[in-house]
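Chain nomenclature is as follows: A, B, C and D, assigned in order of appearance, with residue numbering initiated at 1 for each chain independently.
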Amino acid sequence: MDRLLFLLATGIARGAIFALFALALVLIWRAARIVNFSQGAMAVVATYVAFAVTAFTGSYWAGLASALVAGAVLGYVVDRGVMRFAPHDSPLAGVIIAIGVVMVLQSALGIAFGQQYRPMAAPFDQSPILIGGVPVFSPYDVFVLVVAVVVMAALALLFTRTSLGLQLRASAFAPEVSRLLGVRVSRMLTIGWMLAAAVGALAALLLVPTELGLSPHSADMLFVYAFTVAVVGGLDSPVGALVGGLIVGVAISLVTGYLGATVAPIAVLVLLVAVLLVRPGGIFSAREARVA
Amino acid sequence: MSVESELSGRGASAADSVRASATGMGVGTPSSAASVARASTTGRRRTRLLGTALVLTALAIGGTFLLDPYRNYQLALVAAYFCATAGLSLLIGLTGQLSLGHAALMAVGGYGYAITANALTDAGVDGVARFALAILAALGASGLVGLLLGLAAARLRGPYLAGVTLALVIALPAVTAVFSGALGGDQGLQIAYDDVPPALATIIAVEQWQAWVAIGAAAVVVTVLSGIRSGVLGLRMRAVRDDEVAARLNGVRAGRVKVFAFTVSAVAAGAGGAVLCFVTQSVSPGAYTLAFSLLLVVAVVIGGLGSMLGALLGSVVIVLLPWLIGTLTGAMDLPADLTQRLSGNLPVLVFGALLIVVTLLWPAGIRGALPARLSLRRRVSPAASSPPTPAPPTTAPEQPTQE
Amino acid sequence: MSHRSARHSRAIAVAAASAMLITLAACSTPAAQSPDAPAPGVTDDTVTIGTHQPLTGPAAAGYSSISAATQAYFDYVNSTGGINGRTIEYLVKDDGYNPATTQTVVRELVQDDDVFAILNGLGTPTHTSVLDYLNQKKVPDLFVASGSTSWNQPEKYPYTFAFNADYVTEGEALAQYATDEFAGKKVCLLGQDDDFGDEFITGAQNVLGADGLTSVQRYSVSNQDVVAQISAMKAAGCEINMLATVNGFTALAIGTAAKLGWFTQWFSSSSGADYPTLVGFLGEDVGPKLLQGFVSSNYLPARQGNDWSELFEKINTEFNDGAPFDGNTMFGMSVGYLFAEALAAAGENPTRESLLEAVTSGDLVGNGILPLSFGDDSHAAYTGVGITTVDQGVQDYIGTTYVSDGKGSVSVSDAEPVAVENEGVPASAE
Amino acid sequence: MTPLLEIDAITAGYGGSPVLHEVGLAIPQGAIVALLGANGAGKTTLLRTISGLVAPASGRVVLDGRDLSSVSVEDRSRSGLAQVPEGRSVVAELTVDENLRLGGLWRFDRRQLTAAVDEIYDLFEPLSRRRAASGHQLSGGERQMLALGRAIIARPRMLLLDEPSLGLAPRVVAQILGVLRRLRDDTGLTVLLAEQNVTSALAIADHGVVLSLGSVVADRPAAELLSDGALRHAYLGF
C-alpha cells in the first residue's frame, strides 16, 4: 500500500511535466495543425540557454526566465523562418519539416557543446517529505506541480478571458473568417508558436534536474511520452493533455515499479494502441470531422 | 524508365479516374469491353516493367565488378535500404499514411530471418534452402506485424498513426529485452555466414556475392511494388489519399486499401531487414532506432515521395552522405576535438537541412529535379504522364497563406 | 511506338556492355595474398589501426573521451620514435553506439583503410555485431572495451581478445568482498537490463547462491528515472547494494537514494565507478559526501598516487590538451600501452599472425594491478579485480584482490601491480 | 461623386484558370447593389476578390479612392470593408457572444465593445437569448443573424454578403433583408448582395448587376432589371 502511494505520487509528479509538454504540442496543433516533432529539440536549446544564464548569474530564476524567452524566440524563428513556408497542400509537410528541424538543432547542439551531460541543480530540495512514514512529494515535486497548475490556469484564463485568447482560438478554428473580421491571423499563429515553445521549454527545464543532466538528447523521451499523452488525450484538447499526462505518468510509474523498467515502453505502446482503437481521435477528441 | 510511369497524374484527377474505373472495371462487375482493354494494357505494362527490372538488375550486378569490396558492401546496404524505402514511399506517397516505425518493421524481418536461419542451421539445412526459407519467414513475420499495424492504421489519421508507429519503434528494444531468450536482448542475434557459392568462389568476393543477393532481393521487391503502384491498386490508393470520402462513394473500400498498403509496405521493409541480416550476419535492436526510422523518411522525402526511383536515390544518399562527409572532414586538418564533435553530428545536420530545404523548395525531391531527358521520355510514353505529385491537394489544413 | 523499340535496343546495348564488364573486370575478384607482401596497414614507418567508438549519440557522454586518451598515448609513443621505428596511426570511427553503424565503419576500416588491427572497439551490442566479420576476415580484434564474456572464446573467435575484467568476475569479486567483510548483511543488486546486468548477476549468484540476493532490480538506459527501483530496494531492507550500472546511472542511483533519505553501502562495477565522473553528476557539493565509503572493483592503476597515474597525467597534459583526467583517461591510455607492448613484441616486421602470437604468448604484462591472463586458451585480459574504496575524496585500492577461476570460485590473490618501465614506452624488439 | 467601391477590370480565378474576366463595377455610397447570376457565374469569386481572399491576376479594387491591391485581408476589414461569407460561417467552437466580440475587437475597447454587442442583440432579438450557446448549437437563421451581426458590429462602410438567403425560411430571409435596408437607411451602409434569390434581392436593392460566366452582362437599376423580360429569361431564369 505504501509502495502504491509512493509510486502514484512519483507518477503524478512526472505526469505533470508530461502534461505541460503535451500541452505545448496541443497548442501548436490547434493553431497550425502541425504536430511539432521539433518541440523536444527546441526545448533543449532553450534549456541550454537557461543553463548558461544560471551558470553566469548564479540564479535559477534568471535561468528559468531566460528559458521562457529563448523558447518564445525559437518559436518565432521556427514559425517565421521555416514552418510558414511549408506547402499547405500536404498535411505531412509540417511533420517532415519538424523532423528536419530536430535533426538540425540536435546536431548543432552536439557540435557546439558535445554530448556530455551537464548536471542542473533543482531550485528546491528533491528529498521527499514523509507523510505517515511514506515518502510522498519532495519540495521540488511540489514546485513542479505548482508550476504546472499555474501555467495551465494562466493559459486557460488567457484563452477564455482575454481578447488575445479569443483571437487565438478564432484563428485556430476559422482562420479565413477571422481574417475577414480583422484578426491578424498570421500574428496569432506566431504567438501560438511562441507560447507553445515557451511552455515546452519550461517543461524540459523542469524535467532535466530530475535526470542525469542536460544533453542534446535530454528531451527525446520527454517528447515521445508527451506525444503519447497528447495523442491519448486528443490533440485538440488541453484538458486531454492534462488528464493524459497524469494517466501516462502514473502508468509508467506503476509499470516500472511492479513490472520493471524494461516493460515501460511496451506499456506505453499498448496504452496508446488500446486508447486509439477505442477512440481513434484520443479520449477527449472533440469531433471526428476536424482532421488534418 | 517505366518504373516511373504512372497511370494517373495530378492528385486531383486520381479520384476522377477511379470514378471512371470503378464504373468500368473497378470493383463492380466490369463490362467485358473494358476488361479486355484493361487486360491488354496490364499485359503490356507488365512486360515493360519486367523488362526494365531485368535490365536494371543486370546493370547493377554488372556494376559490382567495378567496385571494391567496401563499395560492394555499401551497394548491398543501398539495396537493403531500397527495399524499405520503396515500401515506405509507396505508403506515404500513395496513401498518405506516415509511418515513423519502418525501422521496427525492418527489424521484424531481420529477426524473422535470423531466428529461422539459426533454426535451420541447427537442423542441418544450409545454402539456398536456408536462405529461401528464412526470407519467407521474414516476409511472413513482417507482413503479419504490418497487417496488425495496418488494421489499427486504417482507423487512424495523420498524427495519430505517426504516434503509434513512433511508439512501436521506441518499444522495440524493450520487446527484445523482455524476450531476450528468443531475441537475444541488446546484443540481438547472430547468424552463420553464407559463403560465396562454390561455383562462383573463384570469380567474386563475398562482399560482391552479398551485393548480388541484396540487389536481387531489391529487384524483386521493387518490381512487385512498381506493379502495384501503377496498377488499379495504386490508383485506388491515390484515390483514398486524395479524398477518402469520394473514394468510398465510388466503391473503393478505403479501409481495405489502407490495410493492404500498410501490409505491403511492411513486407517490403521486412525484406530489407532480412537482406541486411544476411549481409551483416546479425540483427539487434540498437540498429533499428528511431533515428534510423527517421532516416528512412528522410530518404523517401529527399528522393521524391511516391517514386521508386526517388526511393533508390534517397537510399543512395543516406548511405553515401555520412561516408562522404566523414571523408571530407577527415581530409581537412581540423582540431581533434572539433573532428570528434563534427563526426556523426554533421551528417545529421546536413540531412535535417536537406529535409527542410527539399520539403520547402523542391517538393518532388531529387527525383522531380532530374534532367529533362527522363521526363521527356516519359512524356512520349503513352501510359505515363506528369511527374508524381508528392503533396496531395487534399482539403488543405486551414491555414493562412500569407502575412 | 518507336520509342519503345529504341528503348529496347538501348537496353540490349546496356546489357551487352555489362556482360563485357563482367568478363573484363577483375576488380573484386578475390586475390590470394602473397606471403611476402607486408601486412595490411603496416608500412616502413607506420602501423595503422582502427577502432569504433561512440563519439555521438546518448552513449557518447560516458565514453567519447576514451579514444582521445588512447590517441594521446600513441602521440606520446610516436613522439619518442614509435615502436620499432613505426609510428602508430589510430583511426577512430564514430558508431554512435549503433550496431548498424559499427558494421559499416568497421568494414570501412578493414576494407577501405586497410587497418592492421581493430583496437578496443567499444560496447557489447556494437562489437558483437562485427565479431563474426572480423574473425572471418582474420583481422586481429584486440582488447575489446566491454566486460562481456563473449570476447573470451578462443575456439570460436581466435582473433578476438578482451580488455576489461568480465562482468561475471566483477560480480563474483564484489560479492566475495561483501561476504568476507560484511557477513550477514542483506545484499541487493541494481543492474542494466542487458548482458552487463545479466552477467554481473550471474557472478554475484555464483558466490552468494541462487537466492543470495535479497532484491534484484533492473533499469533501462532509455528511462532516466530509477525512483521505483531504488525505493523497492530500500523497502526490501537492503544493506549492501551492488551496481551493474554505467557512471550516469550509478550517480542516479546514489542520488535517488539520497533523495529518499537512504544512505547505504554501494558496491559498483568498474564500468560505473569513476570517482570524478560521479562527482560531476552528483555535484561538487554533495557528491563527495554521498560517495564516502563507496566500494568498487578495478584492475587498472588507481587514478592518483602511483607511477602510472603520474606518467599518464603528464601525457594527458602534454598530448590531450589537458582534458579532465579521469577513469576514462586511465582506461584509454592503458589500452594504448597494452597495444604498444603487443606491437613491440610482434617483431621488427609485424604481421597479423605475429601480433596474435605476441598476445597469446603470455609474455605481455600490461599495466594492471594483476597479471594478464592471455594465452592460447584464454582470451580474457584480467581474470581478477582489486577492491577500491573512496575515502576523503580519494579512490584507491585497499589491497584486497580477488581472482576468479572462471568456474564460479573466487580466491584472494597476492599479485603485485606492474611497475612502469622505460618511461611507459614498451621496449622495441631486440 | 466618386463611388465608394470601384472594381476596375478584375480578372481573377483559382490555379491559373480565370473565373472573372475584366469585371468592372462602381457602387456609390449608400447603395444596395444586388449581384445576380447563376451558380458558377463568379459571384463568390468577385466578393472574395474584393475582400482580398483571392488575389486578382489583373485589375484593381478601390475603396473610397484608395487602391486596395497591396492591402491585406485584415486591413481591408479594418478600413471598413466587411464580408459575410457564404454558408453563414460562424465560428462553431465559439459562443454567440464571443463571435460577436471577435467582430469588433480591433475597433473598440472593452467597454465600447460590450455596448456594441448589446446593440447587435437589440437588432437581432433572437440572438440575445442565446448569448452563451456555441456556434454549432444554432439554427440556420440564428447563424445568419450572427454572421451578419458580427460583420456589422465594427460599423463597416461597405458590406459584402454572399447568399444570405440560402436554405433559410422566407420569413427569416425577409427579416434579415429588412435589417439590411434599415441599416442602409439609418447609417448609410453600402451593400453588395450576391444572391440567387433574385426577387427578394431586387426587392431591397437599388441596383442590379448580372454576372454570367465571369463577365458583367447587365448593370442597371433594379426596377429596370425586373422589367426586362428577355434579360430575366436569359440570365435569371424566370
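What we mean here is this: a residue touches a chain if its C-beta (ideal position, glycine included) is under 8 Å from a C-beta of that chain, and two chains touch if they have at least 3 such contacts.
Since we're looking at a predicted model, the values are computed, not measured.
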Self-check item: Count of contact steps on the shortest path from chain A to chain D
Solution: 1
Quiz item: If you take the chains that touch chain A and keep only those that also touch chain C, what is left?
Solution: B
Quiz item: What whole-Å value do you get for the distance between chain A and chain B if each is reduced to the mean of its CA atoms?
Solution: 32
Practice problem: List the centre-to-centre spacing of chain B and chain D in whole Å, with centres computed as mean CA coordinates. | Solution: 52
Exercise. Averaging only over C-alpha atoms, locate the centres of chain C and chain D and give their separation in whole Å.
Key: 77
Quiz item: In whole angstrom, how far does the Cα centroid of chain B sit from the Cα centroid of chain C?
Solution: 37
Self-check item: chain C: positions in contact with at least two other chains
Solution: 55-57, 60, 64, 193, 220, 222
Quiz item: On chain A, where are the residues touching two or more other chains?
Solution: 110, 114, 174, 176, 179, 185, 262, 264-265
Exercise. List, in ascending order, every residue of chain B touching at least 2 other chains.
Key: 170, 173-174, 177, 341, 344-345, 402-403
Exercise. Could you classify the connectivity of these chains, where an edge means two chains touch, as line, ring, star, complete or other?
Key: other
Practice problem: Can you identify all of the chain pairs that touch? | Solution: A-B, A-C, A-D, B-C
Quiz item: Inside the complex, what are the residues of chain C that reach chain A?
Solution: 55-58, 60-61, 64, 193, 218-220, 222-229, 231-232, 235, 248-249, 251-252, 258-261, 280-283
Exercise. Write out the stretch or stretches of chain B touching chain A in their complex.
Key: 92, 96, 98, 152, 155-160, 162-164, 166-168, 170-171, 173-175, 177-178, 290, 294, 297-298, 301, 341-342, 344-346, 348-349, 351-356, 359-360, 363, 390-394, 396-403
Practice problem: Can you check the complex and tell me which residues of chain A touch chain C? | Solution: 2-3, 6-7, 10, 14, 110, 114-117, 119, 121, 126-128, 130, 135, 138, 210-213, 215, 217, 221, 252-253, 256-257, 260-262, 264-265
Exercise. Note which residues of chain D are touching chain A in the complex, please.
Key: 51, 53, 72-75, 77-78, 82-83, 85, 89-94, 98, 101-103, 105-107, 110, 150-151, 154
Quiz item: Considering the complex alone, what residue numbers of chain A touch chain B?
Solution: 29, 32-35, 82, 85-97, 99-108, 110-112, 114, 171, 174-176, 179, 185-186, 189, 220, 224, 227-228, 231, 235, 262-266, 268-269, 272-273, 276-277, 280-282, 291-292
